[in-house]
Amino acid sequence: MIYITRRERFNAAHKLFRPEWSDEKNLEVFGKCSNPNWHGHNYELFITVKGDINIETGFVIDLKALKAIIRTYVTEALDHKNINLDVNFMKNKMASTEVLAVAIFEQIKPHIQIEGAELHSVKLYETENNFVEYFG
Amino acid sequence: MIYITRRERFNAAHKLFRPEWSDEKNLEVFGKCSNPNWHGHNYELFITVKGDINIETGFVIDLKALKAIIRTYVTEALDHKNINLDVNFMKNKMASTEVLAVAIFEQIKPHIQIEGAELHSVKLYETENNFVEYFG
Amino acid sequence: MIYITRRERFNAAHKLFRPEWSDEKNLEVFGKCSNPNWHGHNYELFITVKGDINIETGFVIDLKALKAIIRTYVTEALDHKNINLDVNFMKNKMASTEVLAVAIFEQIKPHIQIEGAELHSVKLYETENNFVEYFG
Amino acid sequence: MIYITRRERFNAAHKLFRPEWSDEKNLEVFGKCSNPNWHGHNYELFITVKGDINIETGFVIDLKALKAIIRTYVTEALDHKNINLDVNFMKNKMASTEVLAVAIFEQIKPHIQIEGAELHSVKLYETENNFVEYFG
Amino acid sequence: MIYITRRERFNAAHKLFRPEWSDEKNLEVFGKCSNPNWHGHNYELFITVKGDINIETGFVIDLKALKAIIRTYVTEALDHKNINLDVNFMKNKMASTEVLAVAIFEQIKPHIQIEGAELHSVKLYETENNFVEYFG
Amino acid sequence: MIYITRRERFNAAHKLFRPEWSDEKNLEVFGKCSNPNWHGHNYELFITVKGDINIETGFVIDLKALKAIIRTYVTEALDHKNINLDVNFMKNKMASTEVLAVAIFEQIKPHIQIEGAELHSVKLYETENNFVEYFG
């Protein structure tokens, strides 16, 4: 078994807030991340897939296929978008890095299996100082 | 004469659009950067100051003072904000990296002079692939 | 279960030596790292915490709380210090990256539990080419 | 148990192709990586070793010894070489990142054991966007 | 006047040698860079353009246009190629980073002028430790 | 004319203080950088040389020669040393990044001329957030 990782990037706006809370409570819990007019990030996404090496190609998975899956099901939906408002698979969810990583994992998982490999993890950087990792 | 540079960072939302244009024209000119619901970036800012070395301290400028100037006049206004809506010195301006770099230069320049040095340049990264530099 | 990581940095002096050994023996075993007058590094520290996502906030742990723990119990004690001479939790220990990573883990672990999450690992870079990782 | 990682780098040429296939079929399967006249990469290699901390030295493994093993058995054979043509331990193998990572693992493993530690993983970056990891 | 820079990357094989010299002389002058079977790099290219800011768009140059110029006239010719054998604008030239940077400058310069801006510099990284810069 | 840059690194201890001042005054002026027991950094050094391209080799300067100059006259003197105590060319000088960059420039300049090129600049990073540049 071997693990292969592909990095993709997307730039998006978001905010952390609960609509049923007052602005004061949102500010108290989420700090400057609750700014009503949004803020944004250059997200870095690392998708790790595991499986056996195909003897003919030397590949776990064709990187062109992996790239196409990530772009079709994840980054086209997120890049240059507002995570809270524009992204179907984030509707009615908190736009935290943790929740976003889990949602990306669910988006990608079945398409990796069709390629004959297995999704191992989603690693998502919000800034150079903060990232989350989810293994399913 | 020697040059010293301080890096600071801020995370902000923005969009590129002209309100007097239709959404179609904005999309044609600005592409996905015109997304009506905003998108955002982790901006990286490099402020370069030049001057002579103070013999007693070995400094061109006290980095604590330089850091305070950048934070007070630039990053506190921009970090976790919407550049188009929340930032006084960007009101009625295009929120492009070029225009933002020029505005930051004007914000900082007089405060560097008070410290006895001279602002040389503002370098502003929007993504790892795109940056601008302004020398006044 | 999801994993979140926070990066913090500190700049410190140290040397590798055993006081009961001669300078020659220290040099033989530790090479240039035994320089009697010290040397130093920009250390990069990655603290990884694991737990379940809080449904209300979307967080595993409040990053402001995680940051405060790392600063209070680790980086304030280490930043701009001499690891061999100035740091209580390193007294009478070898100032190797391995031993330091273990000591940082012990410093932080109980404070993460108070926040309702679990410390997963400490990753510590001494240079861009060398790092250690400890999981408890 | 603690983990220590050493980064080394090498610059090499390679191509992905099967000699029994036509150029058309190689192009179809391997895309531009099958260019007959080769292409190349700056590979980044991370070797992770695990073991207990030696009480006298504070080390899992002497980094000078680890560095020497990686250079003698891996990077001297690969640096400024053609992976398909010049490297004994890659003869008659696909020059994919996956296959190369496995071969490097096998090259290094016995020499780490002689030093009293255990090889944990080989992580190999082909580009900033693609890497593989092998745990034996 | 403001400066904007776009980063692009390409992966290529090359070697440094003069065909009229013996292998021994090539080795003496060019060291391991003369390996007869080639080696390769992940090149990083930074193209800097200067000009005035367009008042309507806030741009010096449309980054989509700049990206298209770099890809059409430079990286499509170089990416996954052998610089000595496959690249028309490098025929009969030394494949050194210096000579390649100059050739890229000449390739791009007229196309930037058509866009109403001016090519300022080409910066080309061969490795993380070595790069060249050419200003025309 | 073309510019070539070589990166080298060194890890050193230092402190900022004036011996004729009290500890209180040193602390007031230099902050935590005045810690009596030292602190340290992973310094990154970029040496830029300019000249014409040699037609036979395609080089401005042989990088092996440039590397040897930097190591012989700069990094061997600084790496794993105390800048205030162990480095001849820093004796009786403030160990600030500015002063160190100027001293490195003077150390290297004549040796570049012997190789038939000209030293253009010394760029010295103390941390990822602070660097200085000196052009002579």
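We just call them A, B, C, D, E and F in the order they show up, numbering each chain from 1.
Throughout what follows, contacts are C-beta pairs under 8 Å (C-beta built on N, C-alpha and C of every residue); 3 or more make two chains touch, one makes a residue touch a chain.
Keep in mind the model is a prediction, meaning the values are calculated, not measured.
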Path length in steps (a step moves to a chain that is touched) from subunit B to subunit D: 2
Contact-graph separation of subunit D and subunit F, given in steps at minimum: 2
Chains touching both subunit E and subunit F, listed by label: B
Farthest chain (mean CA position) relative to subunit C: E
Repeat of interface E-F, chosen from B-E, D-E or A-B - more than half of residue-number contact pairs shared: B-E
Far-end chain from subunit D, centres as C-alpha averages: B
Centroid distance [mean C-alpha coordinates] between subunit F and subunit C, Å: 28
Distance between chain centroids, defined by C-alpha means - subunit A, subunit E (Å): 34
Residue numbers of subunit D (touch at least two other chains): 128
Chain-chain contacts as defined at top: A-B, A-C, A-D, B-E, B-F, C-D, C-F, D-E, E-F
Complex interface listing, subunit A residues touching subunit D: 1-8, 48, 53, 56-60, 63-64
Partner subunit B, residues of subunit F touching it in the complex: 16, 18, 29-31, 93-99, 101-102, 128-135
Of all residues in subunit C, those that touch subunit F in their complex: 9, 11-14, 32-33, 35, 37-42, 79-82, 85-86, 127-128
